[in-house]
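Residue numbering begins at 1 within each chain, and the chains themselves are lettered A, B, C and D in the order written.
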Amino acid sequence: MARIGVFVCHCGTNISGVVDVSRVAKYAESLPGVKVAVDYKFMCSDPGQNTIIDAIKTHNLDRIVVSACSPRMHELTFRNTLERAGLNPYMVEMANIREHVSWVHSDNKELATEKAMKLMEMSVSKVRRSEVLTKMFAPIEKRALVIGGGIAGIQAALDIAAAGYKVVLVEKESSIGGRMAQLDKTFPTLDCSACILTPKMVAVSQDKNITLLTYAEVTEVSGFIGQFEVKIKKKAKSVNSKCIGCGVCVTKCPNKKSLSDFDGRLGPRKAIYTLFPQAVPNVPVIDRETCTFFLTGKCKICEKVCPTSAVDYTQQDELITEKFGAVVVATGFDIYDHSSYGEYGYGEIKDVISSLQFERLISSSGPTEGHVVRPSDQKEVKNVVFIQCVGSRDESKKRPYCSRVCCMYTAKQAMLLKDHYPETQSYVFYIDIRAAGKNYEEFVQRAQNDYGVVYLRGRVSKIYERGNKLLVKGADTLSGAQVEIEADLVVLANGLEPRKGAKEFSQLFHMSSDQYGFYNELHPKLAPVETAISGVFVAGCCQSPKDIPDTVAMASATAAKVCAIFAKEKMEVEPLIAGVNQLTCSGCETCYNVCPYSAIEMKDKEVKRGEVRHVAEVLESVCKGCGVCVGACYSKAVDLKGFSERQILSQVETATMPITNS
Amino acid sequence: MLKVAYFPGCSLSSTAKEYDISTRLVCEDLEIDLVEIPDWICCGATTAHITSELTAAALPAKSLVWAEKQGLNITSPCSACFSRLKMAHLHIEKDPKLKKEVEEVIGEKYNGKTEVMHLTRILIEQYGIENIKAKIKKELKGLKIACYYGCLMTRPAEVCVNDRVENPMLMDNLVKALGAEPVKWYYKTECCGAGFSLTKTEIARKLSGDILKEAKDCGADLVMVACPLCHSNLDARQPEIAKLIKTELNIPVLYFTQVLGLALGYNSMDLMLNKHFINPKPLLKAKGIL
Amino acid sequence: MESKVKEINIVGFLCNWCSYAGADMTGLGRNIYPSNIKVIRIPCTGRMDPMMIIEAFHNGADGVLVSGCHPGDCHYTEGNFYWRRRYPHLKSLLEHFGVDRRRFHASWVSASEGKKFAEVVKKVYAEVKDWKDNG
Amino acid sequence: MDKELQEIIKKLLAEKKVDWAIGYEKAYDELSTRPAFVQDANDTARLIFNKYCINNLGLYLTKFKKNKLAVVCKGCDIATVFELIKEKQFSRENVVVIGVACEGVLDKKTGKQLEKCENCRVKQPKGADFTVGTGKDSAAPKNFLDVVEFEKKSSKEKAEFWNRQFEKCIRCYACRNVCPVCYCPDCFANRTMPEYLNKNVDAEENKLFHMIRMQHVFGRCTDCKACDTACPVNIPLTLLTKKLAKDAKELFNYESGADMDVLPPLSTYNEADSESDIL
């Protein structure tokens, strides 16, 4: 038989000013199982808590009801009180007679008191059905997996490594660096992208805690927080670890048939190549689809010229399986493919280029060594038109969102152009200027005031090729005029979208994504780097478009989250989770279908001797205790600890019974 | 045998008679069965759709329902008729309330089973370029043609099925198949100003002039069209435009069915080439086609 | 015949993260509402087992209110979407068995909508009273 | 037709494609049939199909889960089989569905055709592995006229109607026991902890049982009428099961057992679901 103590709080006069607290306590004494009931001025104060501890000892109580304020306020306080008194912390229930009674029913003290008595009684009947719950612990594999070697992945890896934990950084290209490595300068400071990125890339390669796997991809994931098991495919590089990065092979390779994706396909790329001069690791790879040797069986020049015999044509793809405790997903973005824009020439007009192509053109390590020339005839440019919101804020292209960085990089590109070629004139077509960020608005103002960039508010309706010029027709909605500009080059501000294959990738982790394919964070405000999958975090543009400072901040945030997991010896898991009675489970998979966290596993299990059944099982470290499975289970085999069917049913019964003995 | 309901419309019964004649001729030659809708009524352009949504939908619905009953798709060579038929269909499909009203007005059920296809699509896509090629009697070698699509065939984007709104290629591909050379130009879908043809003629003159000049600059021998309104602007107004912009234009404007007819071996009289203001015969003779 | 205030009994199921917090907010704002509602805290409307509602009516509750986070705001991302499916089905079934539709309600109340919670309770109270008085 | 049916089953048993075949056989009089369980290929001669084969044999599939089974199904019974497969009670590979064309079945008590057979759209079975005979489907869709009529009553009238009905109920649980989707290992009605249901038999308690059972089979019940036919005191359970079918269709455009790829309505959601009635 339960031994229950009921403690009624006055909360100064907050409660007692409306509710007859002594009557509530008196009524409590009449309830079955209640051994003691007292009222006190401030239950949450030290003396108040001590009253509870003393009563537990004197009356040998095993369950407590505190009639006071909202459990959202003080449930934790009283759980700790119970723990100090040597009771299981989950044996306390609170009756909310302040927020839900005295403060809202001050118009009728009699009814307020009766309701307070009822709520207290409901808590008593609930606590009588409470079960001892023990905090659970799960082991943690203290190694982190970071997927994506852009600035987000680099930062996350460095931060986690700095805390002393092992990190594996997986990058699908042959070098880390990501999109930031393609950029020339960065806004709003105009410092050189490579200059600030390269040291971080080198730091990654030199950090003893970081294992760098480039030219590699994650292919399979199982397990859960603390215990992820991940298969990684290391693609054959055809160059082994003896390589010293001298680059002779690349120089001598006669095959330059392919175009460099890194350079926006504006320049050639050898069959053996490093992504860019500052690549980390500085080890070239052979593209077997274009290499003459792999196609025809002849050539082998790279093997001949290599001073360290590092070229190895026999290398095979390798599949490795590793265990991780937490994962940071930083898979980045692609730019919107503007070939869907007929009015800009379906991507077929050579001198209408993407923003990333412009970055490569103006970069001194780019295909033209920093000379901004027209791709069609390599001539220098004079008039350049920039068009913003290409694949952003465009309902018709199903891209209604703002890509956040285009206003800024367009201003930057126009300024850089003027710096390089003072005689050029830039025009920018825009919808709105979105320059929210430290020193951002000032930056755009500089472009307009100091650099003479002409901003036209409106869209371009058509680009015509006219002789060797481009005729750009558009509207300037501020003056209401039709504008025609004869341009040498048109640069589109392509919006940001998820990497191709982002949806398929998210399925590896059962992460959810929005309609565009950006990964969903757990909560848009209060859990922006967590995902619905415990132990999997997101950083950078795979979650939504953002600039470099936000990306870096987000990456560091994920690192903090990962370190917080790793800092514990074992992982503590709230015990208020679901559990399956497998004897009554019918194996219909309804719970498995509805669980938002993939915390249900279906198993063929011997539930009775000699009887193997298809049944559900809750992954305790994954379950977050929402109870959707309980609401959905018609076999009534799943239950939720702390909010069990028995507890709620008893509350329902008590709530509908009239008050007795009052 | 390809069978399709035929909606000629008012232009093809009057100012664009040659379009109607050449269409029927070409289809007969290619063995495409055009079933003229008996008692076809006005498509509604442009008075209906600027005054009443219901009338604009109900007028074409009548013809659409007839075609549906025959189990036929429906075509019209006139871009305006095509546009109205197509838009009415799209509007009715999208708006259940309108559908109900239309059904009440026409007194029949509208199921939307009939597809509205412009004649270019019927010929080039359904009948097929390869099949046309097989029937060619005379290759139109050396003829540079600017294919002009105008607005009604291509806009809004929903009507432009299987082609690119901003740079349509259907007629260009046909021209190539006939042995002529399609000119690469950018004014394929620019506005000819037909909407202002009678009210603010100077706008129509300016816009049509731009198109003709661009065609000429890009080296076109003739402009090929698929719309009676475009034709009247580009052809009938050409002399006054030439005077206005002080440039000699003299660039014949033919319907695509006429060009196709030439390749199938028909002569000037068959195709009513004499009906044009800019006489195409000297050019065609010079190229050895007539 | 008009029923006495005391005779009306409403059971409220509020999700912990939005509506329960919203009801707390009602208290903070001292917005008065009928005391007939007795609140049971649940983690999420997705936890709402339809059996509990059937049992509540069976036990003699005059009204039931289930309140959760607005769609898209669920603490568990999608729990309230499942509830949003159970609700119309359950309401329709209960009605078929003779449980008047004025007796069973659902609402979305966020943690900041203290005033709204008071309004919702008033509305539910009025509906239940209307049923009790006028049949 | 019986011959053809027997041959198919004989072959399946002889070739060891299935362990058991479930069909119908003649019972104590001409108007009675009962389920027959055949294990021996030489024992198939007793299998028949006629207009008195009212049982939904899908019921027995969950009781022989470990075996490979062949089951004789009327078009309407196939929905049950599909629903059970969807609920992972067995896999499609483990059951051979032998569809029999059906011109409607008769309730031998009344001699009348079951109401569900009137507008039957699966007289010709769909989705079966073998089909015997040909049937002509009704062109008219299922109608819910009686449910609509009942819905017009006031809630007081409805409550009174059901109270009268459930006063008759003796809680024999026949309705549950013949229900193919009532396969829970431990029915809530039998539980003592928590005690969802008192064990005493009275109108209120009986109504609670039926309300919960109906809620539990929502979106899964194929409206096969097994419960309605089985009820010894003639409670019109069809008025409830048809309501479920109507609601599933109207609220969620769902038809139990119709589409193997669509999850039951309460196992999924759509972000655009209606919230017309939510405050």
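Quick notes
Just so we're on the same page, contacts are C-beta pairs under 8 Å (C-beta built on N, C-alpha and C of every residue); 3 or more make two chains touch, one makes a residue touch a chain.
From a predicted model like this one, the values you see are computed outputs, not experimental measurements.
Taking the mean of each chain's C-alpha atoms, the chain closest to the overall C-alpha centroid is A. Work out the mean CA point of subunit B and of subunit D, and you get 60 Å between them.
Each chain gets one centre point, the mean of its Cα atoms, and the points for subunit C and subunit D are 34 Å apart.
Here the CA centre of subunit B is 63 Å from the CA centre of subunit C. Residue positions of subunit B touching 2 or more other chains: there are none.
Among the residues of subunit A, those touching two or more other chains are numbered 594, 632, 636, 645, 649. For subunit D, residues touching at least two other chains, in rising order: 188, 196, 215, 266, 268. Under the contact rule stated at the top, the pairs of chains that touch are A-B, A-C, A-D, C-D.
Taken together, the subunit D residues at the contact with subunit A in this complex read 87-89, 183-186, 188, 191, 193-194, 196, 215-217, 263-264, 266-268.
Residues of subunit A that touch subunit D in their complex: 583-590, 593-594, 602, 614, 632, 634-637, 645-646, 649-650.
Only residues 5-6, 9, 11, 16, 20-21, 23-24, 26-28, 30-33, 35, 38-44, 46-52, 55-56, 59-61, 75-79, 82-83, 86, 118 of subunit C touch subunit A when the two sit together in their complex.
Subunit A makes touch with subunit B in their complex at residues 341-343, 345-346, 396, 462, 464-466. Across the interface of their complex, subunit D is touched by residues 50-51, 54-55, 58, 71-72, 78, 81-82, 84-101, 105-108, 120, 123-124, 135 of subunit C.
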